[in-house]
(Lines give C-alpha, C1' and ligand atoms only; values in the text may rest on other atoms or scores of the structure.)
Protein backbone atom coordinates (compact mmCIF):
# COMPACT_ATOMS: atom_id res chain seq x y z
CA UNK A 1 0.00 0.00 0.00
CA UNK A 2 1.01 3.64 -0.44
CA UNK A 3 1.02 6.07 2.43
CA UNK A 4 1.69 9.77 2.78
CA UNK A 5 4.03 9.99 5.75
CA UNK A 6 4.23 13.43 7.42
CA UNK A 7 6.83 14.74 9.88
CA UNK A 8 6.60 17.72 12.20
CA UNK A 9 8.93 19.76 14.41
CA UNK A 10 12.30 18.10 15.10
CA UNK A 11 11.28 14.89 13.36
CA UNK A 12 10.83 16.92 10.19
CA UNK A 13 14.22 18.52 10.73
CA UNK A 14 16.02 15.22 11.33
CA UNK A 15 14.49 13.61 8.27
CA UNK A 16 14.98 16.74 6.19
CA UNK A 17 11.56 16.64 4.52
CA UNK A 18 8.04 17.46 5.72
CA UNK A 19 6.57 14.42 3.98
CA UNK A 20 7.26 11.46 1.73
CA UNK A 21 5.28 8.81 -0.14
CA UNK A 22 6.02 5.35 1.16
CA UNK A 23 5.21 2.02 -0.46
CA UNK A 24 4.91 -0.49 2.36
CA UNK A 25 3.30 -3.73 3.43
CA UNK A 26 3.30 -2.65 7.09
CA UNK A 27 -0.03 -3.27 8.81
CA UNK A 28 0.54 -1.28 11.99
CA UNK A 29 2.21 1.98 12.95
CA UNK A 30 4.94 0.02 14.71
CA UNK A 31 5.73 -2.03 11.61
CA UNK A 32 5.90 1.14 9.52
CA UNK A 33 8.26 2.76 12.03
CA UNK A 34 10.59 -0.26 11.83
CA UNK A 35 10.70 0.04 8.06
CA UNK A 36 11.25 3.78 8.09
CA UNK A 37 13.98 3.63 10.75
CA UNK A 38 15.90 1.15 8.56
CA UNK A 39 15.90 3.47 5.53
CA UNK A 40 18.91 5.65 6.33
CA UNK A 41 20.74 7.47 9.12
CA UNK A 42 18.36 10.42 9.10
CA UNK A 43 15.30 8.23 9.58
CA UNK A 44 17.18 6.20 12.16
CA UNK A 45 17.95 9.39 14.12
CA UNK A 46 14.33 10.56 13.92
CA UNK A 47 13.00 7.29 15.34
CA UNK A 48 15.88 6.57 17.75
CA UNK A 49 13.86 7.41 20.87
CA UNK A 50 10.29 6.25 20.38
CA UNK A 51 9.29 7.53 23.84
CA UNK A 52 9.54 11.02 22.28
CA UNK A 53 7.55 10.19 19.15
CA UNK A 54 3.80 10.57 18.80
CA UNK A 55 1.69 9.49 15.86
CA UNK A 56 -1.58 10.16 14.07
CA UNK A 57 -3.29 7.93 11.50
CA UNK A 58 -5.53 9.91 9.15
CA UNK A 59 -5.41 12.83 11.62
CA UNK A 60 -6.45 10.74 14.61
CA UNK A 61 -4.01 10.21 17.49
CA UNK A 62 -2.74 6.62 17.36
CA UNK A 63 -0.19 4.36 18.98
CA UNK A 64 2.26 1.72 17.77
CA UNK A 65 -0.41 -0.98 17.67
CA UNK A 66 -2.86 1.04 15.60
CA UNK A 67 -3.72 -0.51 12.25
CA UNK A 68 -2.77 1.45 9.15
CA UNK A 69 -4.64 -0.76 6.71
CA UNK A 70 -6.64 1.46 4.41
CA UNK A 71 -5.08 4.60 5.92
CA UNK A 72 -3.83 7.40 3.69
CA UNK A 73 -1.82 9.69 5.93
CA UNK A 74 0.48 8.71 8.79
CA UNK A 75 2.05 11.57 10.76
CA UNK A 76 4.95 11.44 13.23
CA UNK A 77 5.84 14.23 15.62
CA UNK A 78 7.17 14.99 19.11
CA UNK A 79 4.86 15.37 22.13
CA UNK A 80 2.64 18.37 21.53
CA UNK A 81 3.35 21.71 23.19
CA UNK A 82 0.42 23.90 22.25
CA UNK A 83 -1.67 26.21 24.34
CA UNK B 1 -21.21 54.23 73.95
CA UNK B 2 -22.79 55.41 70.73
CA UNK B 3 -22.80 53.25 67.61
CA UNK B 4 -23.98 53.73 64.07
CA UNK B 5 -25.95 50.58 63.33
CA UNK B 6 -26.46 49.80 59.63
CA UNK B 7 -28.90 47.37 58.00
CA UNK B 8 -28.84 45.92 54.51
CA UNK B 9 -31.14 43.94 52.24
CA UNK B 10 -34.11 42.37 54.02
CA UNK B 11 -32.85 43.38 57.46
CA UNK B 12 -33.09 46.99 56.29
CA UNK B 13 -36.60 46.34 55.01
CA UNK B 14 -37.81 44.65 58.21
CA UNK B 15 -36.43 47.42 60.38
CA UNK B 16 -37.63 50.09 57.99
CA UNK B 17 -34.47 52.21 58.14
CA UNK B 18 -31.00 51.82 56.63
CA UNK B 19 -29.31 52.98 59.85
CA UNK B 20 -29.82 54.29 63.35
CA UNK B 21 -27.72 55.72 66.16
CA UNK B 22 -27.77 53.52 69.22
CA UNK B 23 -26.68 54.37 72.74
CA UNK B 24 -25.66 51.10 74.36
CA UNK B 25 -23.46 49.55 76.98
CA UNK B 26 -23.18 46.31 74.99
CA UNK B 27 -19.60 45.02 74.75
CA UNK B 28 -20.08 42.37 72.06
CA UNK B 29 -22.09 42.01 68.88
CA UNK B 30 -24.25 39.42 70.59
CA UNK B 31 -25.11 41.76 73.49
CA UNK B 32 -26.02 44.51 71.02
CA UNK B 33 -28.25 42.12 69.07
CA UNK B 34 -30.09 41.20 72.27
CA UNK B 35 -30.72 44.88 72.99
CA UNK B 36 -31.81 45.68 69.45
CA UNK B 37 -34.14 42.67 69.20
CA UNK B 38 -35.93 43.86 72.36
CA UNK B 39 -36.65 47.34 70.94
CA UNK B 40 -39.83 46.61 68.98
CA UNK B 41 -41.55 44.11 66.70
CA UNK B 42 -39.66 45.24 63.64
CA UNK B 43 -36.29 44.70 65.27
CA UNK B 44 -37.50 41.44 66.74
CA UNK B 45 -38.49 40.25 63.26
CA UNK B 46 -35.13 41.27 61.78
CA UNK B 47 -33.18 39.34 64.39
CA UNK B 48 -35.58 36.41 64.77
CA UNK B 49 -33.36 33.94 62.91
CA UNK B 50 -29.76 34.69 63.76
CA UNK B 51 -28.53 31.87 61.49
CA UNK B 52 -29.49 34.16 58.61
CA UNK B 53 -27.80 37.28 59.98
CA UNK B 54 -24.20 38.29 59.31
CA UNK B 55 -22.34 41.17 60.89
CA UNK B 56 -19.44 43.56 60.33
CA UNK B 57 -17.76 45.73 62.95
CA UNK B 58 -16.14 48.81 61.43
CA UNK B 59 -16.37 47.16 57.99
CA UNK B 60 -14.67 43.93 59.06
CA UNK B 61 -16.65 40.69 59.12
CA UNK B 62 -17.39 39.72 62.70
CA UNK B 63 -19.36 37.21 64.74
CA UNK B 64 -21.51 37.33 67.87
CA UNK B 65 -18.49 37.19 70.18
CA UNK B 66 -16.65 40.05 68.50
CA UNK B 67 -15.99 43.01 70.78
CA UNK B 68 -17.58 46.30 69.84
CA UNK B 69 -15.71 48.38 72.38
CA UNK B 70 -14.37 51.44 70.63
CA UNK B 71 -16.19 50.53 67.42
CA UNK B 72 -18.10 53.15 65.46
CA UNK B 73 -20.15 51.27 62.90
CA UNK B 74 -21.90 47.94 63.35
CA UNK B 75 -23.62 46.50 60.26
CA UNK B 76 -26.15 43.65 60.07
CA UNK B 77 -27.12 41.90 56.87
CA UNK B 78 -28.15 38.54 55.38
CA UNK B 79 -25.56 36.13 53.96
CA UNK B 80 -23.90 37.79 50.99
CA UNK B 81 -24.90 36.90 47.44
CA UNK B 82 -22.46 38.80 45.23
CA UNK B 83 -20.50 37.69 42.22
CA UNK C 1 -4.05 45.16 41.11
CA UNK C 2 -7.29 47.02 41.59
CA UNK C 3 -10.90 46.64 42.63
CA UNK C 4 -13.61 48.82 41.19
CA UNK C 5 -17.23 49.14 42.38
CA UNK C 6 -19.57 51.04 40.10
CA UNK C 7 -23.22 51.23 39.07
CA UNK C 8 -22.64 51.55 35.34
CA UNK C 9 -21.66 48.93 32.76
CA UNK C 10 -18.02 48.05 32.06
CA UNK C 11 -16.22 47.03 28.90
CA UNK C 12 -14.05 43.92 29.39
CA UNK C 13 -11.46 45.30 26.96
CA UNK C 14 -11.19 48.40 29.14
CA UNK C 15 -10.86 46.34 32.31
CA UNK C 16 -8.08 44.34 30.63
CA UNK C 17 -6.21 47.31 29.18
CA UNK C 18 -2.50 46.97 30.10
CA UNK C 19 -3.43 44.02 32.29
CA UNK C 20 -0.89 41.36 33.24
CA UNK C 21 2.04 42.62 31.18
CA UNK C 22 4.76 39.95 31.28
CA UNK C 23 2.42 37.18 32.45
CA UNK C 24 2.03 33.97 30.46
CA UNK C 25 -1.51 33.13 31.55
CA UNK C 26 -4.56 35.33 31.95
CA UNK C 27 -7.91 34.04 33.22
CA UNK C 28 -11.12 36.04 33.38
CA UNK C 29 -14.48 35.29 34.89
CA UNK C 30 -17.56 37.30 33.95
CA UNK C 31 -20.90 36.95 35.69
CA UNK C 32 -24.01 37.77 33.68
CA UNK C 33 -27.64 38.26 34.76
CA UNK C 34 -29.28 34.98 33.75
CA UNK C 35 -32.99 34.39 33.38
CA UNK C 36 -33.60 30.71 34.04
CA UNK C 37 -37.36 30.64 34.27
CA UNK C 38 -38.38 33.28 31.77
CA UNK C 39 -39.79 35.55 34.48
CA UNK C 40 -36.80 37.64 35.49
CA UNK C 41 -36.69 41.26 34.36
CA UNK C 42 -33.64 42.45 36.25
CA UNK C 43 -31.47 42.15 39.35
CA UNK C 44 -31.12 44.90 41.91
CA UNK C 45 -27.79 44.71 43.71
CA UNK C 46 -27.43 46.42 47.05
CA UNK C 47 -24.01 46.83 48.63
CA UNK C 48 -22.28 48.28 51.69
CA UNK C 49 -20.31 51.15 50.19
CA UNK C 50 -17.90 51.74 53.07
CA UNK C 51 -16.91 48.07 53.08
CA UNK C 52 -17.18 46.88 49.47
CA UNK C 53 -14.03 48.35 48.01
CA UNK C 54 -11.84 47.42 50.97
CA UNK C 55 -13.09 43.84 51.11
CA UNK C 56 -12.59 43.28 47.37
CA UNK C 57 -9.10 44.74 47.64
CA UNK C 58 -8.30 42.49 50.60
CA UNK C 59 -9.46 39.35 48.76
CA UNK C 60 -7.48 40.39 45.69
CA UNK C 61 -4.29 40.85 47.68
CA UNK C 62 -4.85 37.56 49.47
CA UNK C 63 -5.25 35.75 46.12
CA UNK C 64 -2.16 37.49 44.72
CA UNK C 65 -0.07 36.31 47.66
CA UNK C 66 -1.45 32.80 47.72
CA UNK C 67 -1.17 32.13 43.97
CA UNK C 68 1.74 34.44 43.17
CA UNK C 69 -0.26 36.54 40.76
CA UNK C 70 1.55 39.23 38.83
CA UNK C 71 -1.72 41.13 38.44
CA UNK C 72 -5.43 40.99 39.28
CA UNK C 73 -8.49 43.12 38.72
CA UNK C 74 -12.03 43.03 40.02
CA UNK C 75 -15.01 45.05 38.80
CA UNK C 76 -18.39 44.67 40.48
CA UNK C 77 -21.53 46.59 39.64
CA UNK C 78 -24.44 47.53 41.88
CA UNK C 79 -27.91 48.93 41.29
CA UNK C 80 -30.35 47.64 38.71
CA UNK C 81 -29.01 45.24 36.06
CA UNK C 82 -31.17 43.90 33.25
CA UNK C 83 -31.13 40.28 32.08
CA UNK C 84 -28.07 39.73 29.90
CA UNK C 85 -26.03 42.53 31.49
CA UNK C 86 -22.63 41.84 33.00
CA UNK C 87 -22.63 41.86 36.81
CA UNK C 88 -18.95 41.59 37.57
CA UNK C 89 -15.60 40.47 36.26
CA UNK C 90 -12.45 39.07 37.80
CA UNK C 91 -9.13 38.83 35.97
CA UNK C 92 -5.97 37.08 37.17
CA UNK C 93 -2.49 36.99 35.63
CA UNK C 94 0.29 34.55 36.49
CA UNK C 95 3.27 32.82 34.93
CA UNK C 96 1.46 29.51 34.54
CA UNK C 97 -2.11 28.60 33.83
CA UNK C 98 -2.94 26.59 36.94
CA UNK C 99 -2.17 29.52 39.25
CA UNK C 100 -4.27 31.88 37.14
CA UNK C 101 -7.20 29.43 37.05
CA UNK C 102 -7.04 28.65 40.75
CA UNK C 103 -6.78 32.30 41.76
CA UNK C 104 -9.83 33.28 39.71
CA UNK C 105 -11.80 30.35 41.10
CA UNK C 106 -10.71 31.24 44.65
CA UNK C 107 -11.61 34.91 44.21
CA UNK C 108 -15.06 34.00 42.91
CA UNK C 109 -15.73 31.77 45.90
CA UNK C 110 -14.81 34.63 48.23
CA UNK C 111 -16.79 37.24 46.34
CA UNK C 112 -19.89 35.05 46.24
CA UNK C 113 -20.02 34.54 49.99
CA UNK C 114 -17.94 37.24 51.67
CA UNK C 115 -18.18 40.46 49.68
CA UNK C 116 -21.00 42.73 50.90
CA UNK C 117 -23.42 42.48 47.98
CA UNK C 118 -27.04 41.36 48.09
CA UNK C 119 -29.07 40.50 45.04
CA UNK C 120 -32.78 41.00 44.62
CA UNK C 121 -34.67 39.52 41.69
CA UNK C 122 -37.20 41.76 40.00
CA UNK C 123 -39.79 39.73 38.09
CA UNK C 124 -41.57 40.87 34.98
CA UNK C 125 -44.74 41.39 37.02
CA UNK C 126 -42.83 43.77 39.29
CA UNK C 127 -42.61 41.49 42.33
CA UNK C 128 -39.25 41.22 44.06
CA UNK C 129 -37.43 38.51 45.98
CA UNK C 130 -34.08 38.55 47.79
CA UNK C 131 -31.79 35.85 46.44
CA UNK C 132 -30.94 33.29 49.10
CA UNK C 133 -27.31 32.43 49.73
CA UNK C 134 -26.65 28.94 48.43
CA UNK C 135 -25.18 26.23 50.60
CA UNK C 136 -23.02 25.22 47.65
CA UNK C 137 -21.37 28.66 47.65
CA UNK C 138 -20.57 28.41 51.34
CA UNK C 139 -19.32 24.88 50.81
CA UNK C 140 -17.11 26.02 47.90
CA UNK C 141 -15.18 28.28 50.28
CA UNK C 142 -14.13 25.33 52.39
CA UNK C 143 -12.05 23.99 49.50
CA UNK C 144 -9.35 26.61 50.03
CA UNK D 1 -19.09 26.63 19.47
CA UNK D 2 -16.16 27.15 17.18
CA UNK D 3 -12.44 26.59 16.83
CA UNK D 4 -10.27 28.91 14.79
CA UNK D 5 -6.65 28.40 13.75
CA UNK D 6 -4.91 31.41 12.26
CA UNK D 7 -1.47 33.00 11.91
CA UNK D 8 -2.51 36.56 12.66
CA UNK D 9 -3.38 38.23 15.96
CA UNK D 10 -6.89 38.13 17.41
CA UNK D 11 -8.88 40.64 19.45
CA UNK D 12 -10.48 39.08 22.56
CA UNK D 13 -13.51 41.35 22.17
CA UNK D 14 -13.99 39.98 18.64
CA UNK D 15 -13.63 36.39 19.85
CA UNK D 16 -16.25 37.10 22.53
CA UNK D 17 -18.72 38.91 20.27
CA UNK D 18 -22.19 37.39 20.80
CA UNK D 19 -20.57 34.71 22.94
CA UNK D 20 -22.54 32.78 25.53
CA UNK D 21 -25.85 34.59 25.21
CA UNK D 22 -28.11 33.41 28.06
CA UNK D 23 -25.26 31.99 30.13
CA UNK D 24 -24.61 33.16 33.69
CA UNK D 25 -20.88 32.46 33.78
CA UNK D 26 -18.17 33.09 31.21
CA UNK D 27 -14.54 32.07 31.72
CA UNK D 28 -11.68 32.89 29.39
CA UNK D 29 -8.07 31.77 29.31
CA UNK D 30 -5.49 33.64 27.27
CA UNK D 31 -1.94 32.39 26.75
CA UNK D 32 0.74 35.00 26.12
CA UNK D 33 4.36 34.62 24.93
CA UNK D 34 6.36 35.03 28.13
CA UNK D 35 10.05 35.79 28.36
CA UNK D 36 11.29 34.35 31.63
CA UNK D 37 15.02 34.64 31.17
CA UNK D 38 15.32 37.86 29.19
CA UNK D 39 16.68 36.04 26.12
CA UNK D 40 13.55 35.13 24.21
CA UNK D 41 12.74 37.08 21.06
CA UNK D 42 9.77 35.10 19.78
CA UNK D 43 8.04 31.75 19.53
CA UNK D 44 7.58 29.91 16.24
CA UNK D 45 4.55 27.64 16.37
CA UNK D 46 4.29 24.80 13.87
CA UNK D 47 1.07 22.86 13.49
CA UNK D 48 -0.50 20.03 11.50
CA UNK D 49 -3.06 21.90 9.38
CA UNK D 50 -5.18 18.91 8.36
CA UNK D 51 -5.58 17.86 11.98
CA UNK D 52 -5.53 21.05 14.05
CA UNK D 53 -9.02 22.34 13.41
CA UNK D 54 -10.68 18.95 13.77
CA UNK D 55 -8.89 18.12 17.02
CA UNK D 56 -9.72 21.49 18.60
CA UNK D 57 -13.34 21.06 17.54
CA UNK D 58 -13.43 17.54 19.01
CA UNK D 59 -12.02 18.72 22.37
CA UNK D 60 -14.47 21.62 22.40
CA UNK D 61 -17.45 19.33 21.84
CA UNK D 62 -16.17 16.91 24.46
CA UNK D 63 -15.90 19.74 27.01
CA UNK D 64 -19.36 21.02 26.07
CA UNK D 65 -20.88 17.60 26.68
CA UNK D 66 -18.98 16.90 29.87
CA UNK D 67 -19.60 20.27 31.53
CA UNK D 68 -22.90 21.17 29.86
CA UNK D 69 -21.54 24.29 28.25
CA UNK D 70 -23.96 26.51 26.39
CA UNK D 71 -21.09 27.85 24.29
CA UNK D 72 -17.32 27.58 23.77
CA UNK D 73 -14.71 29.11 21.52
CA UNK D 74 -11.06 28.36 20.85
CA UNK D 75 -8.61 30.49 18.88
CA UNK D 76 -5.03 29.30 18.40
CA UNK D 77 -2.34 31.05 16.39
CA UNK D 78 0.62 29.56 14.55
CA UNK D 79 3.73 31.00 12.94
CA UNK D 80 6.02 33.53 14.57
CA UNK D 81 4.78 35.26 17.73
CA UNK D 82 6.79 37.96 19.49
CA UNK D 83 7.17 38.20 23.27
CA UNK D 84 3.99 39.70 24.75
CA UNK D 85 1.75 38.54 21.90
CA UNK D 86 -1.32 36.42 22.56
CA UNK D 87 -0.86 32.77 21.54
CA UNK D 88 -4.34 31.43 22.04
CA UNK D 89 -7.61 31.89 23.86
CA UNK D 90 -10.31 29.60 25.18
CA UNK D 91 -13.75 30.79 26.28
CA UNK D 92 -16.44 28.73 28.01
CA UNK D 93 -20.01 29.66 28.90
CA UNK D 94 -22.27 27.81 31.33
CA UNK D 95 -25.12 28.42 33.74
CA UNK D 96 -22.89 28.27 36.80
CA UNK D 97 -19.32 29.27 37.44
CA UNK D 98 -17.84 25.92 38.45
CA UNK D 99 -18.77 24.30 35.14
CA UNK D 100 -17.31 27.22 33.18
CA UNK D 101 -14.07 27.16 35.21
CA UNK D 102 -13.68 23.41 34.99
CA UNK D 103 -14.38 23.29 31.27
CA UNK D 104 -11.77 25.96 30.51
CA UNK D 105 -9.22 24.21 32.72
CA UNK D 106 -10.02 20.86 31.07
CA UNK D 107 -9.75 22.31 27.56
CA UNK D 108 -6.39 23.86 28.34
CA UNK D 109 -5.05 20.55 29.63
CA UNK D 110 -6.11 18.87 26.38
CA UNK D 111 -4.79 21.63 24.15
CA UNK D 112 -1.42 21.66 25.90
CA UNK D 113 -0.79 17.95 25.38
CA UNK D 114 -3.05 16.69 22.61
CA UNK D 115 -3.53 19.42 20.02
CA UNK D 116 -0.99 19.24 17.17
CA UNK D 117 1.09 22.34 17.90
CA UNK D 118 4.84 22.50 18.49
CA UNK D 119 6.60 25.52 19.89
CA UNK D 120 10.13 26.59 19.06
CA UNK D 121 11.86 29.33 21.03
CA UNK D 122 13.82 31.89 19.02
CA UNK D 123 16.45 33.59 21.16
CA UNK D 124 17.67 37.13 20.66
CA UNK D 125 20.93 35.78 19.24
CA UNK D 126 18.94 33.89 16.60
CA UNK D 127 19.44 30.40 18.01
CA UNK D 128 16.36 28.18 18.22
CA UNK D 129 15.22 25.40 20.51
CA UNK D 130 12.13 23.16 20.41
CA UNK D 131 10.15 23.44 23.63
CA UNK D 132 10.01 20.13 25.47
CA UNK D 133 6.67 18.79 26.58
CA UNK D 134 6.38 19.08 30.33
CA UNK D 135 5.62 16.10 32.53
CA UNK D 136 3.32 18.36 34.53
CA UNK D 137 1.17 18.95 31.44
CA UNK D 138 0.86 15.24 30.80
CA UNK D 139 0.11 14.70 34.47
CA UNK D 140 -2.56 17.43 34.42
CA UNK D 141 -4.55 15.43 31.86
CA UNK D 142 -4.87 12.51 34.25
CA UNK D 143 -7.03 14.66 36.55
CA UNK D 144 -10.02 14.36 34.24
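The chains carry the letters A, B, C and D, assigned in the order they are written, with residues numbered from 1 in each.
Here, contacts are C-beta pairs under 8 Å (C-beta built on N, C-alpha and C of every residue); 3 or more make two chains touch, one makes a residue touch a chain.
Bear in mind that the values here come from a model prediction, so they are computed numbers and not experimental data.
Undergrad: What is the minimum number of touch steps required to go from subunit A to subunit D?
TA: 1
Undergrad: In whole angstrom, how far does the Cα centroid of subunit B sit from the Cα centroid of subunit D?
TA: Here subunit B and subunit D have centroids separated by 48 Å.
Undergrad: Please report how many Å separate the Cα centroid of subunit A from that of subunit B, as a whole number.
TA: Going by mean C-alpha positions, subunit A sits 72 Å from subunit B.
Undergrad: Can you compute the centre-to-centre distance for subunit C and subunit D, using the mean CA position of each chain? Integer Å is fine.
TA: Taking the mean C-alpha position of each chain, the two centres sit 24 Å apart.
Undergrad: What residues in subunit A touch two or more of the other chains?
TA: 83
Undergrad: Provide the list of subunit D residues touching at least two other chains, using ranges where the numbers run on.
TA: 31, 97, 108
Undergrad: If you go through all the chains, which pairs of them touch?
TA: A-D, B-C, C-D
Undergrad: Please give the residue numbers of subunit C that touch subunit B in the complex, ascending.
TA: Spelled out, the residues of subunit C in touch with subunit B are 31, 45-48, 50-51, 54-55, 76, 87-88, 108, 111-120, 130-133, 138.
Undergrad: Inside the complex, what are the residues of subunit D that reach subunit C?
TA: Residues 11-13, 16, 20-36, 84, 95, 97-98, 100-101, 104-105, 108, 140.
Undergrad: Considering only the defined contacts, which subunit A positions touch subunit D in the complex?
TA: Touching subunit D: residues 6, 8-10, 56, 59, 61, 73, 75, 77-83 of subunit A.
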